[in-house]
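Structure below; questions to follow.
By letter and in written order, the chains are A, B, C and D; residue numbering begins at 1 in each of them.
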Amino acid sequence: MVVRIKRKPVEELDFLVDSVLDPHTPPLARVEPGETVEIETWSALARVTNPVTGPIYVDGAEPGDALVVEVLDIELPGQGTVAIIPGFGSLEGWLRLLEPRRKTCAISDGRIAYETDDGRTLELAADPFIGTIGVSPEFEAITSLSPGRHGGNMDCPDVRPGNRLLLPVFRPGALFKLGDVHAVQGDGEVCGVAVEVDAVVTLQLGLRKGWTIGWPRIESPDEIMTVGSARPLEDAARHAFREMVEWMASDHGWERDDAYMFLSLAAKARIAQIVDPLYTVVAKLDKKYIGGV
Amino acid sequence: MVVRIKRKPVEELDFLVDSVLDPHTPPLARVEPGETVEIETWSALARVTNPVTGPIYVDGAEPGDALVVEVLDIELPGQGTVAIIPGFGSLEGWLRLLEPRRKTCAISDGRIAYETDDGRTLELAADPFIGTIGVSPEFEAITSLSPGRHGGNMDCPDVRPGNRLLLPVFRPGALFKLGDVHAVQGDGEVCGVAVEVDAVVTLQLGLRKGWTIGWPRIESPDEIMTVGSARPLEDAARHAFREMVEWMASDHGWERDDAYMFLSLAAKARIAQIVDPLYTVVAKLDKKYIGGV
Amino acid sequence: MVVRIKRKPVEELDFLVDSVLDPHTPPLARVEPGETVEIETWSALARVTNPVTGPIYVDGAEPGDALVVEVLDIELPGQGTVAIIPGFGSLEGWLRLLEPRRKTCAISDGRIAYETDDGRTLELAADPFIGTIGVSPEFEAITSLSPGRHGGNMDCPDVRPGNRLLLPVFRPGALFKLGDVHAVQGDGEVCGVAVEVDAVVTLQLGLRKGWTIGWPRIESPDEIMTVGSARPLEDAARHAFREMVEWMASDHGWERDDAYMFLSLAAKARIAQIVDPLYTVVAKLDKKYIGGV
Amino acid sequence: MVVRIKRKPVEELDFLVDSVLDPHTPPLARVEPGETVEIETWSALARVTNPVTGPIYVDGAEPGDALVVEVLDIELPGQGTVAIIPGFGSLEGWLRLLEPRRKTCAISDGRIAYETDDGRTLELAADPFIGTIGVSPEFEAITSLSPGRHGGNMDCPDVRPGNRLLLPVFRPGALFKLGDVHAVQGDGEVCGVAVEVDAVVTLQLGLRKGWTIGWPRIESPDEIMTVGSARPLEDAARHAFREMVEWMASDHGWERDDAYMFLSLAAKARIAQIVDPLYTVVAKLDKKYIGGV
């Protein structure tokens, strides 16, 4: 039986508890490692800023462990919203005179319809993922708009069904929260907004005890990935690549400088977003190069 | 008949003329638009810093035109070199105690062999491209280590056979130079060096008269791309994305803010390199969204 | 009569409440606008990271007001500590092989003695100020290591006796906290640490009702100042300068572009620190240019 | 007898030679070390971008030496110009709708008159300095808009009469150029323009043979200074502070980590400009702390 975790009614959302990842909010639910849960999430454009559902207390999670999140499924609604929000977005001040805009995109059968201003309909394949997903920081309450070592608003399309997200645990129970599902997003999320949707996310939560990591990590069937967030953007990339070097060294026997040279030949690097309080880069390496993970 | 443009003997390389893209060096060759040329290039690790072959004067090229470079073929040698150069590389100061390293990688049948420090041989598919390729700046002589609006050391793997590079022309004849072929490179070129090779490059050079562009652009069979370079890295991304918005607006009828929103859903963004004097980002859009280019 | 606000015993310090500026911690004291208080502060090197004393609830403070902090006096102890903390500091990775260091500096009669490694004693004039001082953010609990719109760890030497600090109010009562007094600090606080001391600070707290400001501001007898914090450092400067333009426009009748040009001739800009999670710049303008404030 | 070096007639200015610092332009004059020269300079707003007068060949200057420039006098004209140039300036995109502006400021008796838009006249004390001053780079021709290790467009108010500028020599004869005098400038030069003037500058040029420095340095009667330029701005500060540590270590017997800690207590840091292709920071230390220089 899969537990369903309901989101709050929209009128009860309170940014002091629902727009942060934090160690203070009382758990909304408690799960055993290995358990599968269905979680209802709000769109980032709901009544308060980017509300997140949770926290979920994972039994046995302790600082120094890694939380293992298997993303099993994301159920999309029939439409989503994209927008221009002046004062927000990567080309703010680089394009002249941006005005507020909002478009609704129909979603059906895994296709998203974008209506251009000149009347064409462009179809994009839905590629849903969880934009904001993370654990409680060690002692701060961090806005759900920001990514960081705790996960948070990474806006990383690789947090998608079929992939596994690994998060460092800082507080007992991990205190996991999530929200901000995107039906599809381009790299950089350049205007600051993707196709924002309410959604139902199915996850299996587990633990790797005593596996201490510095930044969020992702495994797909073919790749290992590390997710760094910082400003300026090159520091996000440096965090991601250093974390990859550490992973290759600690778990796969590489010398650090050898790993560094090899990544210079074989890594991939995606800009996840350049619009949030910290920017996010994902570094990737094909699993065939490291032995089975 | 294909013209062959020979590189200088290594002992004649002079960094005052061979390590810059500049308006002063007398042309090494002169070509008609539409002509195909074979150009010998030096490895970036040759006697002077990143030597470039040229300049090639393209008849009829005038400021305000775009130079069209069809990359037809890259002939690789039997081996290449990767290295760690202390003081250079994206994790300088982030990984402790980096010492100089140099490895030779055998290349054959489109495969590159990387020998790890613990004795494994990892095979990478060769994916050769031209690391440094550009035209004369308007009035500066810019080190061949730096990318910019003029192209230069973009270290962008998309400048590969089968793709078309478009460069703004700033000086009569364009004064095109190139070098620094990489047999393969990871995104970010994180240690500062790829598999560096001497090579022979086959190109067809053409012109789009009166087509004024702000930054280098690339066309593959499936995508259009823009290449921005700056520090910090987010400004490289902003240049690339703004140039993409301009391209969509000027040639394909998009409203600028509509293009901006759509890129937020559909763009790809690759980090080309974070090791040169300016960093480089490539923004990409699938051609199916813009109508045929 | 001056109220004395005691700091917690060191063994009771808890980073969940004492290393953040936040809306959740119950007030330690309550004051009327106009009241003078003496506050005991811990050194940033105390048992938990940069502990702050408070919060102090200021009666009548509401979001949209400005909290007015007159810094009257700072009482220094007989010694302070400077240190190198590897992994922290502006030249981390730029100077090789930094090892942990710690030096005690004697303080007496307003003089600080620095003993160099080669046995000289250098005397610096004490110039004490409050390194970390701020109000509760709107809904986050921000680490006391970070500066921001709410004040926090600005490490700005202009928050000194004789000057007035103005802070935006985000929560009822303002929820003011402070700590991290420095006996003296250089611009940039380059190694990450100044002469860190426990101290007793005397302040008068007041309100400007309905005076909404974007960033902390300071008034000395001769200058008005704005304090911006961000990464990269140029964005800290931009926040500070834009806030100065806004101040000149809203309170002193300047056209914004006229203020912008005039600041280009007359402003001063000090780098406060380049070591904290966000960096801090102080922009200054002589009061003679704006009419009496 | 003082040699007078005339600037070119304005109609002969050519940006290929007059808007760069470069190793190619034939010397305009040749001087002996110790010689005093009067040099006419153009305003940065002259016909071509930021024209510089020179190059001046200093007899005996070799790579690895330092060029010593004693700034003796700057003769100002009766007026100067400040402007807003859209697309240029630190708050471009941060203030809305900047339009081109230009104001003339009368200069007399060491006073500069700024007429505000609302009809007030504000008087600033003239504090003239040389905005662009440097030597030839090793092999590039760098735009006179950019600062760097070679000096160039540092826009640093400390290059003023009474102070001594020290520049690294990269080419035989140093190939010294200068221009862009400012009658007064605020820190940051925030709108991108100061009070721009044509001027006559009196300098004495000398050499420190075999004194190899990494970045421009300045000595005033009371302070030693280092000038770093980079993007982002924190890297400019890091270059300046590391150069100061090196100076203290190599010439004054400090241990590097001791110098680093001491600068954290005693340094000053001014933002020179945040508008040019690289940004500039000046780090300063009181001479009383280092022994006589």
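Just so it is clear, a residue touches a chain if its C-beta (ideal position, glycine included) is under 8 Å from a C-beta of that chain, and two chains touch if they have at least 3 such contacts.
Please read these numbers as outputs of a predicted model, since none were measured by experiment.
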Could you name all chains that are in contact with subunit C and with subunit D at the same time? A, B
Which one of the chains is farthest from subunit A, going by Cα centres? D
Quick check on subunit A against subunit C: do more than half of the interface residue numbers occur in both copies, making it same, or fewer, making it different? same
In whole angstrom, what separates the CA-based centres of subunit A and subunit B? 32
Centroid from C-alpha atoms only, then distance subunit A to subunit D, rounded to Å. What do you get? 47
Where subunit C touches two or more other chains, by residue: 94, 231-232
Spell out the residues on subunit B that touch subunit C in their complex, using ranges where they run on. 92-94, 232
Residue numbers on subunit B that touch subunit A, as the complex places them: 82-84, 89-91, 94-95, 98-99, 101, 103, 112, 114, 116-118, 122, 124, 184-195, 231-234, 237-238, 241-242, 245, 253-258, 260-271, 274, 279, 281, 283, 289
Contact set on subunit B toward subunit D in their complex: 15-16, 19-20, 22-24, 138-143, 230-232, 235
